[in-house]
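Have a look at the structure below before the remarks.
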Amino acid sequence: MVVVIILSVVVSVALAALLSFASVALYVEEDPRLQDVVDLLPNQNCGLCGNPGCKAMAQAILDEDAKLSQCKPGTLEMREDIRDFLLDHPDESGEFVKVKM
Amino acid sequence: MKHVKIIFTLTLIVLVASMMIYFVEGFTTPYIDAYNERQANLAKLDILPDYDGSFEDVSEDYDLENSPIVKMELAGEVAVFYTIEFGGYNPGITVLVGFDLVSNNIIGFRVIEQNETAGLGSVITEEDFQTQFDNLSPDDIDSIGGTTAVVTLGGVKTALNSVADFHSVEFQGAVLETPEERIIRLKEEITEVDATFTDITSDYDISGSPISKVEMVNNGSDFAILYTVEFAGYRIQFEDETRFNEYFVSFDLDTHDLIGLRVDKQFDTAGFGDQILDPVFEAQFDNLAQDAIDDVAGVTASVTLGGLKGSLEDVVNFHKSEIEGTHVETYPEMVERYKDEITVVDAIINDDSANYDLTETMVTKVELANDGTSDVAVIYTVEFVGYNTTDVVEYIISFDLDTHDILGFRVLYQNETIGYGSLIEDDDFYIQFEDMPQLDAQNGDIDAIAGTSGAPDTTFAFKASLYDVVSFHQTEFQGMIVETDEERQSRLWSELFPTATVFTKVTRDYSAHYDVEEFYEAYDGATYLGNIYHVKAEGASYSEETYLEFFLGIAEDNTFTGVKMWDDSETDGKADPFYLVEYSDLYLGEDIETDYTIDEVAGATMTNTALQYAVLQISIYHVEEYLGLPFARPANVDTADANLLLAFPTAVTFNSVYLDYAYEANIYNLYEALDGSGTVIGYVYYGYANGLNLIEFTWGVDLSGTTQEIYIVLESETWELAETQTYTTPQYDGTAGYFPTTTWLDNFEGVTFSSLLNTEIDDIIGVSRTTESLRDVLEIIAQFHSDESVGGAG
Amino acid sequence: MEYIAIAFGAIFVNNVILNQFYGLCPFLGVSTKKSSALSMGMAVTFVITLSTMIAFAIYNYVLVPNEITYLSTIVFILVIASFVQLVEMFIKRFSASLYSALGVYLPLITTNCAVLGVAIDITVNSNKIFETDTPTFMMVTIYALGISLGYALVIFLFSAIREEMDAYPIKRNWKGIPIALITAFIMAMIFVGFGGIV
Amino acid sequence: MARREKTLKEIFTNGFFKQNPTFVQFLGMCPTLAVTKSVESALGMGAGVIFVLVLSNIAVSLIRNYVPREVRIPIYIVIIAALVTVLEMFMKAFVPELAKTLGTFLSLIVVNCLILGRAEAFASKNGVLKSALDGLGMAIGFTGGIVLIAIFRELLGAGSLTIWGDLRVDLIPEQYQISILVQASGAFLVFGVLVAQINKLIFSREDRNEVT
């Protein structure tokens, strides 16, 4: 009983600490909109869109080399949401992303 | 600050999860353990259904080192369970055996794992084999049976015996005889109780003999000699070392006969080689005369028995020369004695090999035997390789110089399998060679070594060497010119086409025929004379593949110019008549397309029909393939109206109409069936099939194509024999009756030809040669009926 | 010698995809292009090998001594998930090129059954694979390497075939996943052929 | 332009056909191909997934607001893993035979893309009731999918249908069974063919919709 507690605490603290510090120490600035697009995507990382995971798909959308319909699990509403989001959020230089449905 | 939040949430979640798992684990473990334990004790509970206590593993408390036991469990005070592992025909048998602690009897035998041969050794897993162990007393373990797999059974017995011994020592406090006590007991049994044994091996030179120890036996005075002897059994190579069987044998110092023999160690296959441990077998050696060793018997493992006898004979020779002081004949003396025996007593032998070219022959030495006045006989020393390809067999054989027949035969050295090929070195084998006619030796008409099928390889090689020696003798001493193969072939070809000067091979220009090895066109200068076919066709015997090889001449006008036999593998003597010139002349001038039957030739009917059938196939091939013409059909074969009536009961008269239709090999004749007023109401086929033997039948069919009856005119199938024979399995179970009254034939009565062609009548297991061939022919006929639209059918 | 047998067995005989059915989701998804398949293969090899080592260490030195092997699933997956995330951050931070080639696939791998499957096989069901209950560290790593090489090999071959197939007209309802599955069926049958060798 | 909120019924039935995890979203394919040798093991796996998916969706949606982004995935996975381990233990205790047939796939539910997928895509964004319904819908859709495959594989491959333990009906005699379907490689074939036919259904319905 005690061993279980010790083990779980030790492991989780260690990992949590590692992850949180890493997220700071290894912070890399990236397109602020990327995380929002990722949140809009289904996040199942199924890879059926041909990109390795939803984050890669989001990046591809931002780089305009992916069609939203490539995301199989994605629904019509999701595609509309992403398009609406990108229509009102230009990048720093004011450029808008041409979204391909 | 964010870090703390992250660490806190993750740790909290992980903690909650782990605790949840911990409690659930605590709750479910007892159930899981109970299930696993029930699974493990399934076999034990099967033996002790009403025992509900626990099983305690006590393997550590006992020394299981040199016993097949791998696990030992106590079931309270009721029983003890041994898990044992041993080898049967294949290694890796695991068995659970239970002993009752009260009666100390075996109460159960369950096979956990085995990979014996399916159907043979695997029978030990079956219910009725295992029930014989319920409440079996350890003493009659040797009496268990229920399987023909002797080797597996032997393995089970040895394993159970050692477990029983272990059980009796551990639970019944029995004191087992230690190995040392056993050896002394064995020695005393074949000498005298409380005799003293003094080792005198160092006084003798035991090298080269199978003896490993010599002991003087004394009971007040030296009265016997005890030898410890080793010999190679069936198998000497084991995983890491070679092991020899070992036995003690004692000789009485006055009579010098054997007092007794006891086997100490043996490693041969359980159930075979280990029969030499049987006291009944050992009793044969009590007070046995030295030269009576040969007729000891009672062990089926001939290799082990042969090894024991061979070593015993060496011991006797050693005893004779070392103890009795009598002179034992040395090898050179034996050779001299043999040479005298097969020529003239104390003949003068001089080696004449130098003036002969021995390179091409198996003869290694030629010696002339002189009776003082003139050379009387010639002795050949011959070597051939028999079954044991790593060694040779050397023998001497003598020819009388006047009659040129064989005077005698002796084996100088052989290392064939004991009990089989080794029987060539046997006095009763030598007798047949006294005054044997030369031709018998050349043709190999001698009785085989070790019985008809005892040592086929050695016999075959021996006959070949005899043929070689006789032809050598004929050329060197009888001046006969022995024809070489090339000479014989050109002689036979010139007999077929006397005026032919040139033969050109043309086999490749035509599509091949299964039986034709090669075939040539014979020309006299530029004029074409005819063809010579070198044929190798299937022989007559049905037990195994035999062949007939001959040259067939067909002249330009499609007539035979003769059949010249070249070689055959028929049973001895069956094909000899066909080599004679008068047989070949029977074919001379016959038109190859007419129907001809050469009547029986000196009792070789089967070979005769096979040969004729082969010649017929070549004639067809010659006409259809070589000449490209349709082959003339043989004449119809008629049969009595009675047979036709039995096939078509409602008909009255029949007349043959076969000539109006194409020729089909399997159909002898086709008749129209007419009713009283002469109108055609159906047809009857009279045909044959080659089942086990020739089957001839009549088969009626009406205009609508539905069959009437099938009547077997001639047959000699042996379905009764098929029920009991063993060489082809599976046997026939007899359910469909016997041929020709078998119910199987009803499949062909009252059914339409078209239905016969669509459905596959299945064979009957065990007699499929008959059913398969007959069904195929009947289907050919049904097909023929529609193809030829016999009577407008199809 | 025994190592070669383990490696060969892991790559060909009980191939992780075609025979044990681990890691199919990304297998069908990512294998449209040879380049992505290769990167996925490399990423998987990297992750499986390292995570198996960690899992083996934890199992034998922490879980078994304290008889809490029932925690193995949860601990393994926790470690694998965080390890993958960490590696992803690490690569993204230090080499953009490697990240674009390899790192992007890492989040995908956390949900890949193969990683956890292998981890569980070499610890809880180790007697099934190695005939001994206590495989040595070396055997485990060789097995993990073999499994991941098997994964990489199959996914690369598969992507090569699929790329080839795109050039041919395929009925609409067969395009994409169905035809991929049929290709996998044929590959699986071919791999069965390796069965008798080890 | 707020779209009208999905009705509860819609969420629930979403997983059956429109978004069926097995045939449309292609999630959880690892167990799909492995346990569909017999209907019994497919049902067992389905029940396991229902139990885990519903509870995990509920748990995830409960704590969705307190979970910091950096450790989001590990936390979700820990919850799922805990649920699966609990399920495993219950199964080993009370239905040992089924546990044996499912083997490692029982513990592989943890990494089943479906569960983590729904957790991230839906549960982490919606309320408890909706998540539970979505989880249940998806799980039932998934079970339906694998049972359908299992029916084909077992019927054609082994000529029988085992619903539970000895509740088994033998339909096709020995020599007409296509034994490859029951083997590992057969799974790909059956799954591929079924997906193709379902696509045909979907496309034909879509064509009809466009036409009308």
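Labels A, B, C and D are assigned to the chains in the order they are written; within every chain, residues are numbered from 1.
The rule is simple: a contact is a pair of C-beta atoms (placed from the backbone, for glycine too) under 8 Å apart; a residue touches a chain by one contact, two chains touch by 3 or more.
Treat the numbers as computed from the prediction; the structure is a model and nothing was measured.
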item: Most distant chain from subunit C by Cα centroid; value: B
item: For subunit A paired with subunit C, centre-to-centre distance based on mean C-alpha positions, whole Å; value: 24
item: Subunit B and subunit D, separation of their C-alpha mean positions in angstrom; value: 61
item: Distance between the centres, which are taken as Cα means, of subunit C and subunit B, whole angstrom; value: 54
item: Sequence positions of subunit A contacting 2 or more other chains; value: 4, 7-8, 11-12, 15-16, 19-20, 23, 44-46, 48
item: Multi-chain contact sites of subunit C, meaning residues that touch two or more partners; value: 25, 28-29, 70-71, 74, 78, 82, 85, 107, 110-111, 177
item: Shared interface positions of subunit D, touching two or more other chains; value: 26-27, 68, 70-71, 74, 78, 81-82, 85, 89, 113, 116-117
item: Chain contact graph, described as a line, ring, star, complete graph or other shape; value: complete
item: Touch list for subunit B against partner subunit D, complex; value: 2, 5-6, 9-10, 13-14, 16-18, 20-21, 24-25, 28, 31-32, 35
item: Subunit A residues touching subunit B - in the complex, by the definition given at the top; value: 1, 4-5, 7-9, 11-13, 15-17, 19-21, 24
item: Residue ranges of subunit A touching subunit D (in the complex, touch as defined); value: 15-16, 19-20, 23, 42-46, 48, 72-73, 75, 77, 80, 84
item: Sites on subunit A touched by subunit C in the complex; value: 3-4, 7-8, 11-12, 15, 18-19, 22-23, 25-28, 44-53, 55-56, 59
item: Residues of subunit C that touch subunit A when the two form their complex; value: 25-26, 28-30, 32-33, 36, 39-40, 62, 66, 68, 71, 75, 78-79, 82, 85-86, 89-90, 92-93, 104-105, 107-108, 110-111, 177
